[in-house]
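The data blocks that follow each hold one structure.
Shared between the two complexes below is chain A, which pairs with chain B and chain C, respectively.
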Partner chain A sequence: MWLPLLGLILGIALGLLTDIQIPAVYENYLSIAVLAALDTMFGGIRAKLQEVYDDKVFISGFFFNIALAAGLAFLGVHIGVDLYLAAIFAFGVRLFQNIAVIRRILLTKLDERKTKKQEK
Partner chain B sequence: MKNNKNLHITLISLIIGFMLAVQYNTMQNPQERDTRDIWEIRQALSEEKKRHSELLTSIQSLNEVVSKYEDAESSNPELVLQETITDLHRQIGLLPVTGPGLTLTIKPAQELIEYGYKIEAISPELLFRLVNDIYRNGGQYVEIGGQRLLHTSAIRDINSVTTINSVPISKADVEIKIIMPSEELAQKLYNYLLSSSLMDEFYIDNLELVVNDVESSIEIKNTATQITSSYLSEANKGD
Partner chain C sequence: MKNNQRNNRPSLFQRKYFIMLIVSIMIGFIIGISYNLTKDNKKLSSRSPIYLQQQETYREELITQQERNKELADELNHLQQTIRKYEKELTSNAEQHEDLVAEAERLRLLLGDIAGQGQGIRLTLADGEYDPNSTNPNDYIVHESHIFKVLTELKIAGAEAITINGQRLKTNSYISCNGPVITIDGKQSPAPFVIEAIGEPDTLVSSLEIPGGVFDQLLNERINVTFEKSNLISMPSNTAES
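Right after this comes the complex of A and B.
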């Protein structure tokens, strides 16, 4: 449980300390990739809580989503349609849905725990 | 299997953290592009060059003082100290100074007087600009209307009367004396004042700025006030 959190903190520290900057041209791609990554992460947490988590799905989803989002943005730039908006919309909606599901699951778990305590 | 799973999640959260941090970095400090063209860069370079040469000059003069001190160490250190004190006194206006320079006269514009314009006091802003321009062109000592400008001098408008060192200056016919390090620089300042927009600025205020020719010797009197310091007085014995 704590290992992923540690990884996240380590990653943030690494990124801040190395002081890497992305050229302004590629900023769009990175922002969309970050969104895709966040979506995958919350999706993974939800799957784990619903006990349908699959390692393969999670990892393939992570890389595939990022690549697809960046590819869409790239295509959008070249054909002059803001396709990255589609990716942002899709990921944004899914992010909210995933978080809502996580919240509900946690709430039901909390309720169960309370009733168990009362029964005791 | 469980361990492997955890490792994967950790790895991916590490990547996510890294991406977040990089994105944050990029948004926080956007790279500023240098959009100057070659002439602007040359101009900036020439400014730095000027500063460089100024610093070199001051190093040179300080080195001279040091070598003087070192030379005089055996024979007469008091003399050199006296010289430094005299120099400092000159700088803070306790001693009169003479040197090459030029004088300016500010007087009401002739044609405007004839048509009956009211003469107004010279505005402090105009004097600021003039004095700044003089110092920028290497002016050493400046006196306006008999008041010597020092580091502590103030040019202010008090009750709509323009004052220098809290002493009002006259509305018409103000003489400005400027002492320059050399006659050559004085000539340069003379040329600058003639070509600059200062004369037009004075004319807007119905004043005429007359730039007189360079003179080889101009005297500026010392300030009347004696500077006293209460910090370095000798303590009485037994206190």
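Right after this comes the complex of A and C.
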């Protein structure tokens, strides 16, 4: 349980410490990657809580979402339509939905614990 | 089946957690990089106050430079116009100068300041032969009035320089009569008087030879006048002589 959190902290530390310069043209791609990563992360947490978690779905979802978003952004840049907004919109909506689901599940679990304590 | 699952479980567990670790590291990495980038961008961003301030100063500098440029361009135009004016004046002045130089040359020749040479004529005025009938020798010697007549005629005819017995005449020369000799600028000259004049010989001679003119008058007064045209008469300058 603590391993992913450790990995997250390690990754953030690595990202902060490395001084990689990305050209301004690719900043759109980065924003999409961030959103995709967050979406996948919360999606994974939600799946875990709903007990429908699957490794393959999680991993393939992570990479496929990032690839799709990057492809959309690439296409958008080249045909002059801001298609990356679609990816951002989709990811944003899903992010909120996932977080809402997580919140509800956590709330129900908290309630269950309270009732258990009272029963004891 | 259960056994199999139990055997597989630790490895599955480890693999699962390993993948989770890698994915979370990647997520963290991406987030960290984008945070870093935004931080860097903020420094360089056009919205940062330092950047704005710099932009402002640069703009002001540019404006002042442009104004200065404009001023200098105006000045340049102005100066070029002045130069053009000067050049025009210069060309007209050059023409004037040529005229002036020629004029000065002519005037110097007239003044006798410089030595001159050229075509001209040589006149000789000699006293008439002794006439025993005449009681007055003044009737047949050369007087200053005769010389005046000749000189006046010569000058009118365009003589540029005149000498009498080798002495150059200036514009302010004076000639006076002292009996048999005449005094030119304080120097005495005896007869016969050789008058040399530079000018167009034909013109000079024809002007002297006008019927009732100078020659006739001189012959009337019984003075021997001879003249010859010369292609080259050279004259000393009066400054050299005096």
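Some points to look at:
The rule is short, and it goes like this: the second predicted complex is superposed on the first by the 120 of 120 C-alpha atoms of A that agree within 3 Å, B and C clash if a C-alpha of one lies under 4 Å from a C-alpha of the other, contacts with A are read in each partner's own complex, and residues count from 1 in each chain.
Note that a residue touches a chain if its C-beta (ideal position, glycine included) is under 8 Å from a C-beta of that chain, and two chains touch if they have at least 3 such contacts.
These numbers come from a predicted model, not from an experiment.
Once the two complexes are laid over each other on the shared chain, residue contacts for A:55 go to chain B and to chain C alike.
With both structures placed on the common chain, the touch criterion links A:8 to chain B and to chain C. Residue contacts after overlaying the shared chain place A:34 against chain B and chain C alike. In the overlay built on the shared chain, the residue A:22 is in contact with chain B and with chain C.
Put simply, chain A uses residues 3-16, 19-22, 27, 30-31, 33-34, 37-38, 40-41, 44, 55, 58-59, 62 to touch chain B in one complex and chain C in the other. Per the touch definition, chain A reaches chain B in the complex via residues 3-16, 19-24, 27, 30-31, 33-34, 37-38, 40-41, 44, 53, 55, 58-59, 62. By the touch criterion stated above, chain C contacts chain A in their complex at residues 15-17, 19-37, 40. In the complex of the two chains, the chain A residues touching chain C come out as 3-22, 27, 30-31, 33-34, 37-38, 40-41, 44, 55, 58-59, 62. Residues 4-26, 29-31 of chain B touch chain A in their complex.
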